[in-house]
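Structure record follows, encoded as structure tokens.
Chain lettering (A, B, C and D) follows the sequence in which the chains are written, and residue indices restart at 1 in each chain.
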Amino acid sequence: MKDNSTGKRKNEKLWGGRFADSSSPITEEISASIQFDSRMYRQDIKGSIAHAEMLNKMGILNDEELKKIVNGLDEIREEIEKGKFLFSRSLEDIHMNIESRLTEKIGETGKKLHTARSRNDQVALDMRLYLRDEISLIKELLKSLIVLLVKLAEKNIDAVMPGYTHLQVAQPVRFSHHMLAYAWKFIRDMKRLDHAAEACSLLPLGAGALAGVNYPADREFVKKRLDFREINLNSMDAVSDRDFILDFLYFASVLGMHLSRFCEEIVLWSSAEFGFISLAHNVTTGSSIMPQKRNPDIAELVRGKTGRLYGNLFSLLTVMKGLPMTYNRDLQEDKEPLFDSIDTVILSLEGMNEMLKGMKINKDRMKKAIYRNFSTATDIADYLAQKGVPFRDSHEIVGSIVRYCEEENVDFFNLKTETLKSFSLFFDNDIEDIIDPARSTERKISQGSTSTDSIKDQIFLIKSRLQI
Amino acid sequence: MKDNSTGKRKNEKLWGGRFADSSSPITEEISASIQFDSRMYRQDIKGSIAHAEMLNKMGILNDEELKKIVNGLDEIREEIEKGKFLFSRSLEDIHMNIESRLTEKIGETGKKLHTARSRNDQVALDMRLYLRDEISLIKELLKSLIVLLVKLAEKNIDAVMPGYTHLQVAQPVRFSHHMLAYAWKFIRDMKRLDHAAEACSLLPLGAGALAGVNYPADREFVKKRLDFREINLNSMDAVSDRDFILDFLYFASVLGMHLSRFCEEIVLWSSAEFGFISLAHNVTTGSSIMPQKRNPDIAELVRGKTGRLYGNLFSLLTVMKGLPMTYNRDLQEDKEPLFDSIDTVILSLEGMNEMLKGMKINKDRMKKAIYRNFSTATDIADYLAQKGVPFRDSHEIVGSIVRYCEEENVDFFNLKTETLKSFSLFFDNDIEDIIDPARSTERKISQGSTSTDSIKDQIFLIKSRLQI
Amino acid sequence: MKDNSTGKRKNEKLWGGRFADSSSPITEEISASIQFDSRMYRQDIKGSIAHAEMLNKMGILNDEELKKIVNGLDEIREEIEKGKFLFSRSLEDIHMNIESRLTEKIGETGKKLHTARSRNDQVALDMRLYLRDEISLIKELLKSLIVLLVKLAEKNIDAVMPGYTHLQVAQPVRFSHHMLAYAWKFIRDMKRLDHAAEACSLLPLGAGALAGVNYPADREFVKKRLDFREINLNSMDAVSDRDFILDFLYFASVLGMHLSRFCEEIVLWSSAEFGFISLAHNVTTGSSIMPQKRNPDIAELVRGKTGRLYGNLFSLLTVMKGLPMTYNRDLQEDKEPLFDSIDTVILSLEGMNEMLKGMKINKDRMKKAIYRNFSTATDIADYLAQKGVPFRDSHEIVGSIVRYCEEENVDFFNLKTETLKSFSLFFDNDIEDIIDPARSTERKISQGSTSTDSIKDQIFLIKSRLQI
Amino acid sequence: MKDNSTGKRKNEKLWGGRFADSSSPITEEISASIQFDSRMYRQDIKGSIAHAEMLNKMGILNDEELKKIVNGLDEIREEIEKGKFLFSRSLEDIHMNIESRLTEKIGETGKKLHTARSRNDQVALDMRLYLRDEISLIKELLKSLIVLLVKLAEKNIDAVMPGYTHLQVAQPVRFSHHMLAYAWKFIRDMKRLDHAAEACSLLPLGAGALAGVNYPADREFVKKRLDFREINLNSMDAVSDRDFILDFLYFASVLGMHLSRFCEEIVLWSSAEFGFISLAHNVTTGSSIMPQKRNPDIAELVRGKTGRLYGNLFSLLTVMKGLPMTYNRDLQEDKEPLFDSIDTVILSLEGMNEMLKGMKINKDRMKKAIYRNFSTATDIADYLAQKGVPFRDSHEIVGSIVRYCEEENVDFFNLKTETLKSFSLFFDNDIEDIIDPARSTERKISQGSTSTDSIKDQIFLIKSRLQI
């Protein structure tokens, strides 16, 4: 919103007939939403045009009146986009600002637009239209992120790194597998986003204030005109329902959680101690006092922004708790959390994309790291199991070998077969191959494993699923 | 869990080979999950049997070994169900308790069961199986609640009551419409529940600890055997993913929110001031000090339980925030919130069903209430609009009439046409019909409105959708 | 912030020495905080002046240099307040914007200001100074609200209304007692606010980036100069600590919870069904479609704003979870939740004050309501108990009388003594006095009860405690 | 609770007089709290004895009756502690279970105990007594943790490690300083715990159901007898207030947040990549499949348990939101979150203490790590600043040196003075001393810095403050 004037263009509220006094300044301040809901102007106008067309179809507006309204609204959209529209806080919200300006422009006809409509179903419509538009954009960004991960996986399929559980080196994995693990998480997020989009697609307009309207409103027409999938068939539900916003805020929270995990790893891998990756200069920032610092700020900020995504979800859940039917003014508190989560998701995804684009993989450091912490111990236990030792016993035997190495300060990867034989007679010379971490990933032959073949399968599948 | 013995049946942990000391008591106390995860014993056994069958198919277990394992597991299930199983906290969790008991029963063969499997993919499997079973039960309960609402709507289709916005009488609505508004909300909740069920249906078994396993595990076989829809094709994702639990906790939170709104209204309507309903004696409780009290406890408790449903969602979101890959022990904290939300949802739905069954509708009190607060003011504005007065002007005129009535302390519903004409010449004798609240609902002729026809349509639609 | 220019005034970041590339636009967008932290300009300047004076005391700045810095900073404050300051997003935050402008104005000397200081301790200082200032304002508003409640209590001490438990009429209480119940809650909130203020008063400046500084900074001087109570004596704690913000967000959440309870009652009491109060025209708003509506919007909005207060607390708790030492960029996410909670608390308190000022008490409706639901049943049980019937038995007897009245549809308050005697021989003629709700409150003779005397005591105590 | 019988000992509820039907099973199940509130039996009995003594003082109970009640209650406590008490779910809660058993034991006199008391003020009392007792225990555990940190600091004062910001090596710090940073955080937590304890100390007993009681209850006597600091002087506030529980849940959340940060570092430091510490065998656990694993489970579990601490706080905040006065059954939902947070805090603190006791510091790995990432860059900038270069310029110069080292792949710590001079003529031979990380900490001479002296000061101060 370029301009926020508190000077009233019109002294009267549009609902003022039965009021003796005008609102006190504090009432206006606490009630006004124009400072944040003005961002829905495009959707409000789109919805009003569809409504006007429907009124025309019903004979409430004649063709000329319709034309005046549509032209008027088109002009208003232009005024807003050119920064020439004077928003008035006294008119409370985007709906009243636009309607009032329309009447100012086209006279009496403008006053007919609100026939068979209430702000209750109007705002429910606008929010759905708005969110639906933003979801499209977010879906593209999320897709870009997945594409980037697939590219990283394809390009670095040779890179082997430690896989961790409990942040302890567990087994060698391919870096590509690690990247694709996130890709799959984000694919699930896309599904949740689709659910949120679907939840938006339930038409509330026509519900009136809460009980329906005294006109045979052609809701099917409006549905098709605005490209909705279904009509909300209960007017009380229609004006009291905010599930679709919650569905988005939940999507955003889980996405934020996934991003926070990824960013935690970016931060870890950027540390001197891990050193697995280097971030580009243009996505890191320095310190005001420490001249050497290059900090992974984007990763930290995206991780931190999880807080507001969770906070926004809980904010609206709290608002809704225990509210009786149907519309209550508390519901105005649905907007800022939604807008903030939309902005945060967009910014975070853009930041991730930028950061990953310039990320450099330090394959040598990764490879060195797999020689730590006996990363092929499980392979050895499996080796014995495949020779007939019950798995629990082979696990025990390898555990003893590890303890022996620690106590004797011996290098596990260089143990002689003779030494191994003193732990189990099933050890033979072929164990040398098994013990080498560099060959471990390809022995993982189950479907979905970290082997090169499995990774190629995953890449193929993700590409076909996303049509990329 | 009938029995919780801390006495160890077997002194050694199943992972103890490389450890010099045994766990300290506090480590055992903080690590143990057997006191709450024992409830998944059926799913753990089911999963182990499917895994054993797969090992047999791969030639790792011969037919006799498989038979021993399956019989052993069947016996253990029976022991648990008969309260004869001695759970040991020292064995940490349900997986180790069962595996250890199996080996005790059938000897060496039992030690082979854990081949090609880790607790990481095992617990991820068990949780999915468990949640899936509970979701089926919850779906039935939710359906029962909707059925009850539909019945209430059908039976009381003649009851008219005030519809509220801002808890101010707004327009007359049918009680049935109000009930169906909740039915539609719960139908959306069923969809969210379906999403959660679908999220459960992604097979993690075969992921091993994190990297896949050194065996050509036949995951397709296990998938079919356990009736999963898809295989998780990335082993790192498989052991780190808890999205499916979050999806359920989110479903439960939104359901809880809807229930809290309904219960808020039950509490309001049970008050002496509203007096719209009476709850049965057997669902209300008294006071220890005030002999006259009959309190709507179930409604209050269900409303209050929203707190724990939100809390559980936020609890797990917090746990997951910023966790690096793959499995971290923090994830053990996924169970108690899940179990508590399952129990809470079941108890709340059972409570709602019980409470609604015996609820008595006081139609007279409802009807009297629609004569308050000028409930047909909108009808009158529409009347003028239909006579050609622009809606904004007709709204203003009716507002003035309302103010006049308040100032003169005159009854709106008995205003003479003459008086009305002094506000607008468009008023005619037919206004008397419009002004009567008892006839208002049938004038709401838009699709989804509160008219009898619309209600019948809704009932028909809900019945076909739920096949009831 | 009146002006937000993205045009760079100075092309180089103040930390740019070791960087090959400049930041990418998305890095700037996600990193910048100037759009919200500019509101701390006064505190940033105040802190810088104190720091400069300390540097002068240590001999790092000579008197002339100090003078130039102080004058420069004073001018910058003026520039900002007059809307002439050109904020640059490229300079990231308020600290860098001001420092950069200072050097622009006074040359080389400006570059010395950041000696012995890091942004890490600087921002921790600014936040404390800022919050401390806002807390003072909030305390005054909270005090005004309590004063208003005391006045309402004093003025309406004769008004008797139903006291509710479970929203069922329980026992008659005085309206004043009800108002004072909230006053006491808000007095506890003031204590929590004091704790938050105290938490602010722990000086971080001097901690440097995290390890202290290579100068014998005179922190005692700065402490006195800026009126802090204590010095944070561990530099790592100083730059990683955000407890003081959490303490405020928690205060705000509990206050919001209390306000939401009060507002819930305002909404209830404004309903046609309760009708206990009328709100002034200037604090209610109308409907775009229903001409008769006058809605208690402020009460609803304040109740709804609890959502964002809770959300902000959980937002920051989430951000902090699992962050390693010391400063991480995630901490930048501490500001917006804090600023939003400050604004929300101020707006809510102003709204409450405005709303309560014009609230009209409908004593007749209140009085009528105490004759509902056997509100003196407990008095009768006590009557019997005082005549020697064990309380449990007297409770049982009165319960039977209530059931009798319901079944016979008899008015409890008009029961003849004869009828009562058929339930217990202990009833005598003096029971008539006991059964009358109008006299019930004065029989509550325990300390802290709803009797007139107790209310007068409370008023006296609150007045002395708050010195009003 | 050893025994949970649903078989009724007494068929009638103690409030059943006015009820036609008995409760349905689902009502009992959803209403009962005995399965979790039985843990307050000691406090319930203590409160009842004090109440009985007060009734005796008022002449309502004679000396013999008092004696019978006190003896009866003492016996019941013993029965419970010996596992001989038969809890009944039909009697709902601990209060009714004990009262009913008392009457069973001592006859009619037992029925007098509930005179001048309601469950509303009784449960508010019990919760306060219970929480107060647990707070004492928690305070001791928290103190032990601080003592342990001080000991670690004292013992390892020679250990130097990298201090991190953004998880990038920033400046060398002493390990002791790092430990004490947490000690100071926990000292602030103790203050928050004191606030929670103080909030408990507001006597609700005497409030009755909500309005006070018809007896001149001597609340001062009860206050002294139960060692409370203040009397709640508004009966409606007394039964509706749960601030004291929120204060504790908030304390627990912030403590959990601090612990999660500490545990995050324990996990990091235990990794092969950092390698700063080794945890004892008895506080780590292994893997079911990977024989080499030794995982920092306690640290992960304590970090994860932050989730439930946050969840519990949010749970109760949600419950309280928008509840009208006074007692509503929703408030029963205050108990489980409180009990769970108490248990979690105790378990977490015990776990931390156990884990830290056996923690081994790897000073060599720590020392090696300070030679990474130019950790003395700030010292060099300060060196130049002290020679007269404005700090901003010296920061820029050192930044260039760092970039030079990276581009030339030169070791910063071995740069020749000649090379340095090519960046600034102010460099002299004394720079060699400055550049060495091992000497950096002692150059931090500001109060609260990481120098040995500052650490000794901190230790002295903490010891005197905690009297240890």
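Simple rule for what comes next: a contact is a pair of C-beta atoms (placed from the backbone, for glycine too) under 8 Å apart; a residue touches a chain by one contact, two chains touch by 3 or more.
These numbers come from a predicted model, not from an experiment.
For the pair chain A and chain D, chains touching both partners: B, C.
By number of C-beta pairs in contact, C-D leads over the other of A-C and C-D.
Note: centroid distance chain A to chain C, computed from Cα atoms, is 31 Å.
Averaging C-alpha coordinates per chain places the centre of chain C 24 Å away from that of chain D.
Shown for chain D are the residues in touch with two or more other chains, namely 14-20, 114, 120, 164-167, 170-171, 208-209, 268, 286-295, 297, 300, 303, 306, 310, 314, 317-318, 321-322, 328-329, 378, 395-399, 402. Listed in rising order, the residues of chain B touching chain D in the complex are 13-24, 26-27, 29-31, 92, 95-96, 114, 117-120, 122, 208-209, 280-295, 297-298, 300-308, 310-319, 328-333, 336-337, 347-348, 350-351, 354. Interface of chain D with chain A (complex): residues 162, 164-171, 267-268, 270-274, 286-297, 300, 314, 317-318, 321-322, 369, 372-375, 377-378, 380-381, 395-399, 401-402.
Residues 14-20, 103, 108-116, 120, 163-167, 170-173, 177-178, 180-185, 188, 192, 195, 199, 206-217, 219-220, 231-241, 243, 246-247, 250, 253-254, 257, 260-261, 263-265, 268, 303, 306, 310, 314, 317-318, 320-329, 378-379, 382, 385-386, 390-393, 395-400, 402-403, 406, 440-441, 443-451, 454, 457-458, 461 of chain A touch chain B in their complex.
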